[in-house]
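Presented sequentially are two complexes of subunit A, the first with subunit B as partner and the second with subunit C.
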Partner chain A sequence: MTDTLLSVEDLVVAFPTAGGTVRPVDGVSFGIAPGEVLALVGESGSGKSMTALAIMGLLTRPGRIERGRIVFDGLSLADRSEAAMRAIRGARIGMIFQEPMSSLNPLLTIGEQVAEPLRVHRGLSRAAALARAAELLKLVEMPGAARRLHDYPHQFSGGMRQRVMIAIALACEPQLLIADEPTTALDVTIQDQILGLIRSLQRRMGLAVLLITHDLGVVAQAADRALVMYCGRIVEEATVAEVFARPAHPYTRALLGSVPDLAARTERLRTIDGQVPALDSLPPGCRFAPRCAMREAACERASPPLFDVADGVRAGTAATAACHRAACFRLHDEARVG
Partner chain B sequence: MKLRRYLASRSFTVGAALVALVLLVALTADVVAPFDPLKNNYRLRLGAPGAVHWFGNDSYGRDVLSRVLHGSRLSLAIGAAVVVLVGVFGTLIGALAGYFERADNVLMRTMDGLMAFPPVVLAIAIAAVLGPSTVNCIVALAVAYTPRTARVVRAAVLVTRQSEFVEAARAIGASHARVLVRHVLANSMAPIIVQLTFVFALAILAEAVLSFIGVGPRPPTPTFGNIIADGRNYLAEAPWICMAPGVAIMLLVIGLNLLGDGLRDTLDPRLRLELK
Partner chain C sequence: MVEPLFRVDALGKDFVPRDASTRGVSQLLRAVVAVSFTIEEGECLALVGESGCGKSTLGRLLVRLLEPSSGRIAYRGRDISHLRGAALKQFRREAQVVFQDPFGSLNPRMQVGDILAEPLLIHGIGDREARQARVRDVLQRVGLAPEHLGRYPHEFSGGQRQRIGIARALVLSPRFVFCDEPVSALDVSVQAQILNLLRELQQGLGLTYLFVSHNLAVVRQIADRVALMYLGRIVELATADELFREPRHPYTRALLASVPLPDPARRRDTVPLSGEIPSPLDPPSGCRFHPRCPLADDRCRAEEPQLETRGGQTLVACHKA
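Up next is the complex of A and B:
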C-alpha cells in the first residue's frame, strides 16, 4: 500500500482467563488510507471493539496486545508507553462511543467537556477553550451552539449528545476518527443524521474514519471499504460496492442473506444456523465451518488465509487497496477448477 | 440540586434542624452560657437543677449548662477535624485502591488489618499510646475511622470507573490523575458525603468514650465526654451532671444520623428504591 495512515499487522489481543488464554482478536491485518472510511463489520463479540481499543491503547487489564504491529502515521503504537499514547489519544486519534447517553460526564457542562481535549493537549486557557468549544458545537450543527455551552448532558437528547461526542473527538483536529457503533443507540432518523454529519465532516476535514458497526445499512450508507470480522479474524475485505454486489465469504453471504428484503414477500426471515462459538472453544479450522452450508473436510482441518477473490491466488503483500479478498478455501478451489 | 428535594426527606429536615441547633449553640456559647464553665464554686457543689442553675452544678460547683454549652464546641470541633482527616485520607486511599488495581491489594489489606479491631478500641489504644490531648484524640479517631471510609470510597470508585464517560475521558488523552479526580471521584461523591456524616456522629460518640476513660482532651476543658467523666462518681447523688451532656450527645448523634439518612435518600435514589 502506498499511502497508509494506520496499518495494523497480525494483531493479536489476548486475555488470560482461568480456563486459559482467549484471543478476541486473532491475527487481524488491515490498513486505512488518509481520508478513507473503513467499516469494520461483525457480530457482537467478533473483536471489532477490541481492535479499536487496542489501537487506542485502552485495553483493560488483563487484556494485552500479544503480537502484531500497529503503525499510525509512521509511529508504532503497540509498544508505546502510556504517557506517549496519551499524547496521541484525543489529539491525533479521536474516538466516539456507542452510548451517547452515558459517554458524557453528568456533572460537567457540555462546554467544559468539549473544551477538555483542548485544555489537555493544547494547553488552552479556560476562556479560549470554551470559545473554541462553541465553534466546534457549531461545526457539528448543534442548534444554538453558543447558548448551549453551559447546559448539562441531561438537557440534551441522544442525537444531540452524539453530536457533542463528535465535537469532543474532533476538537484537536485528529487525522483518524474511531467510531465504535456510533449510531447503534439512536433511532433510525437520528442515525441517518449522525452518519450524514460524520460523512460530511470527514470529507471537509480529510479525516480517516474507522467505523465499527454490526449494521450493514450503516456500512452501505457511510463507508468506502469494509472488513468483515468473525470470531477475531477478518474473513472478507473489499470495497463496499463489492461486498454488497459480490460477497465472497459464506459468512458475508449469510449476513447479507439475513437482511430482510422489503420488496419481496417472505414468510420467515433468514438466519444463520448455530451460534458464534465461544472464544475458549473455537473450532480448529475455519471458525465459521460449523455454521457454514458449504463446508468441506479441509475447512475443519486448517484455517483458510485470505485469498484474492478476483483470481483466487493467495494474496501477498503486494495487494492493492482496492483488492477484494476473503478467507475461504472454496475461492482457492474455484480458481483451480475455473 | 434543589433544596426542595432535600426538604422532601423528613429525616433530612429533622436531622439538619438538630445539627443546626447544636451548631448554633456551639457558636454562640460565649453569649448564651449564663456562667463561666471553668469557675469553681464549692458552696454550690453538686447543687440540684433550679431556677438559677438550670441543669444543676457539678462536683466543683461549676454550672453544668454552661459546661455543656461550651463542651459542644470542642466535641464538634473534634468531630469536624476527624471528618476532615478521614475525608482526605479515606478518599485518597479508597480512590487509589479502587482506580489502580495494582495498589488495591496493598492498601485494602492494610485497611483490613486496621479493621480487625473495633474502631473505639483501636482509638483508645492509639490515644493511650500517644497520651491524652485534643490533637492525639483527633489523630486516634481519624486512624480508627479511615479504613471503613476508604472501603466505601473504593466501592464507589469501582462502580464509577466502569462508566462509559470514564473510558471516553481516557480516549481524549486525559491523564489518570485528571480522570480520577474530575470524572471518577466527582461522580462518586454521594456515598462519600453520606459516609462522612456518619463518621461525624461516630467520632463525637467515640470522643466521649475517650474523654470518659481519660485519654481524650485533658480536663478541666469541657467536652461532652469530660463532663460525663466528672459526673460518673456522683451518679447516685447528682445524676444531672451526666444527664445534660448525655442528652446533648444523643440529640447531636441522632441529628447527624438522620441527616446522613436523608442525604443518602436524596443523593442516591437507587438506594431508596431498594430500601422500600
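Up next is the complex of A and C:
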C-alpha cells in the first residue's frame, strides 16, 4: 500500500518475570502515512515507549516481540536481524529521546557525532561529513553552527543538545522520525522552540513523525492524528481535532478532563478514580473497567475491540484513514439502540 | 496591621561554583538576588520560573534548609535568617517541606508508620500511643488507610507516595508548607488528585503554602498570588487572577504564550520567545531579560528595573510595563 509508510499489526511485546510473562504492549495495530505526525499518547505504563522500542528493534532482553508484524516501506522489521536493523536505524528511521545528554557521547565533539551517521550509512569522507554536519546544525537553527562543530556536549544547554540530536536523526534524510518525549525534560519556552522546529522540518522534508508523549498539550499543538494507549492497548484513534472535540472512550474523556486549565481556576479538578492496574494483575475484560464510571457487566467479561465511533461497527485493523475509533462496548450498544 | 507570616527583605543567596577559579567569569553564582516580598497567613504564594531561575533556592531559604548570603527573613516578626541549633529546630516544627520526588525523599527501609512517626520522635512529641494516634489521623487526612502503616515505600504508586510525603510534612501540625514541585513527577490524572488534596488540606487546616512549580496551569489551580522569577530576581508579583488575565512583564507574557494548550483549535505557528536563559554566572547588564525581550532599548541594557507598582496591585520590574 502506497499510503502507509509504517504499519504495525497486532504487536505484542512480552517480558518474562518471576511471576509469569507480562505484556506491556498487547495487540497494538496502527499505521503512519508518509508526511504524517502521529502522536502516541498515554500515562506511565501505557506501553507507548515500549511500542516505539519494538519498532526500532531496541527492546532490552529478555523483552521480545512475541507476535505481530511491523512493516516499514515494504520491509518487515519484526523478524529482522540486529545487523539488518542497524542499516535501517539512523538511516531510514531517525530517533530522538527525552534525555539528549544520555544519548550523546561526552567524549566526542558535536561535529563528529553529527557526521557519524553520514560516514557509516552514506560512506562520506571525514571532511565531507563534517561539512554536511555544519549544514545540518544550521538546519536545526543552532546559533553559530560552523563555530560550534568542535564543542563537546557539556558545553550546550538542554535545548541545544536536543537540536543536536535532531540534526543527527535527520542527517541521512530518513522517511520516519521516532520522537520519544522529545521535549519533556525542557523548559516551556524551549519546548515551544523545539516543537516548532520539529514541525517546520517535518513539513519541509515531508517527514513522517511518531511522537510519543504524555502531554496532551503537545499532542494538540504538534500532531495530525493521535492514538490513546492504556495498559498496553489502543483505546482510541482519531484525528487530533476529533480526539479533543469529541473524545469517545471514557478514559480519553477522563484524561482530558483532568488536565488543569490555564484560563481559569476550577472548583474541583476532575480525577480518575483508583490507579492503573499492574501488568501482572490486569482485569479480565476491558482494562479500564475497574476505574470507569460507565462500566457494565459486559465490560468486566470481555475485552472490547475498536469500534467505529460513527456507526458502532467493529473496525478493521491498521488503516491510516482519518477515521475515529474507540475500544468501548458502549459505542457498539449505543449504535444498536440508536 | 496584621504581621505577615513571612517578610522577606533584599534576600540573596550566592554559591561558589566548584570550578570557579578556572572560569573567566565572575566568581559567584548569584542564585537569588535581592528579592523582597511577604507571605500572608493562610495564602498560597506560587513561585514560578524556568530552570535556574532561583525558585527552589528561594523556597529552601525560607524553610532554612539554606542560610541566606544577604538580606533578612522574618517569620511572624522574628528574624530567622541565621537561626541555629534548638531555635532552628523549633522553627522547623512550624515550617515543613513536600518534595518533588516522593521516592527519593522516603527512606526505602522504613515502614510508612515509622516514616510518619519519625518527626514526632525527633521533636519529642507525645508518648508512643499519642504518636500512633497522630500518625493514624494524618494518614486518614491524606486519603490512605491504616493497613498502609506496615508497608514500605516501594509498595506504593507515585501518587500514594506523594500522599505519604504530604502526611510526613503535616504530622507536626505546621503552619507553613513549602511545596517544591509536588506534582511534577506525577501523571496528569494523579496530579489532579494531589492538587485537590493539597487544596482541601490548606482550607481544612488553615495552612500557608509556598508552592514552587514550572507548570503554569498547575499554579493557576492552586495559587492566590504568583511571583514570577527570572535569573534570580522576581520580575512580576501579582494576584493569580491579575497575572493570568493581564500579564504585565514581557517575560510573563511570553511564558504564558509558550504553554502548549490542550486545544488543537488554538494551535500556534509562531514561537513566542527565542533565545535561551543566559548563564547566572554571567548575567546580562541592566534588565536581565533584555537580550530576549522584544521591547528592549538602551535604558533596559544599562539600568536594572526595580520591582514596583505601575498602577494597581501588581508589582513589575520592567521599564516598559
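Miscellaneous remarks
Please note the rule applied: the second predicted complex is superposed on the first by the 330 of 338 C-alpha atoms of A that agree within 3 Å, B and C clash if a C-alpha of one lies under 4 Å from a C-alpha of the other, contacts with A are read in each partner's own complex, and residues count from 1 in each chain.
Everything below uses one rule, namely that a contact is a pair of C-beta atoms (placed from the backbone, for glycine too) under 8 Å apart; a residue touches a chain by one contact, two chains touch by 3 or more.
Just so it is clear, the structure is predicted and the values come from calculations on it, not from any experiment.
Bringing the complexes onto one copy of subunit A puts subunit B beside subunit C with no clash.
In the superposed pair of complexes, A:Leu255 makes contact with subunit C only, with no contact to subunit B. Residue contacts after overlaying the shared chain place A:Gln193 against subunit C, while subunit B stays out of touching range. Once the two structures are superposed, subunit B and subunit C can be ranked by residues of subunit A touched, with C on top. After overlaying the two complexes on the shared chain, residue contacts for A:Met56 are found with subunit B alone; subunit C is out of touch. Once the two complexes are laid over each other on the shared chain, residue contacts for A:Met165 go to subunit B alone; subunit C is not touched. Once chain A of one complex is fitted onto chain A of the other, the partner contacts of A:Val120 are limited to subunit B, with no touch recorded for subunit C.
Applying the stated contact rule after C-alpha superposition, one finds that A:Glu99 touches subunit B and leaves subunit C untouched.
When the two complexes are overlaid on their common chain A, residue A:Gly90 makes contact with subunit B while staying clear of subunit C.
Put simply, the nearest alpha carbons of subunit B and subunit C end up 9 Å apart when the two models share chain A.
Contact residues on subunit A toward subunit B in their complex (touch as defined above): 56, 58, 61, 86-91, 94-95, 97-99, 102-108, 116-117, 120-121, 165, 168-169, 171.
Within the complex, the subunit C residues that touch subunit A are 50-51, 157-160, 187-193, 195-196, 214-218, 220-221, 240, 244, 254-256, 258-265, 267-274, 276-277.
Here subunit A touches subunit C in the complex through residues 43-44, 157-160, 187-193, 195-196, 214-222, 240-241, 244-245, 254-256, 258-266, 268-272, 275-276, going by the rule given at the top. Residues of subunit B that touch subunit A in their complex: 101, 163-165, 167-175, 178, 182-183, 186-187.
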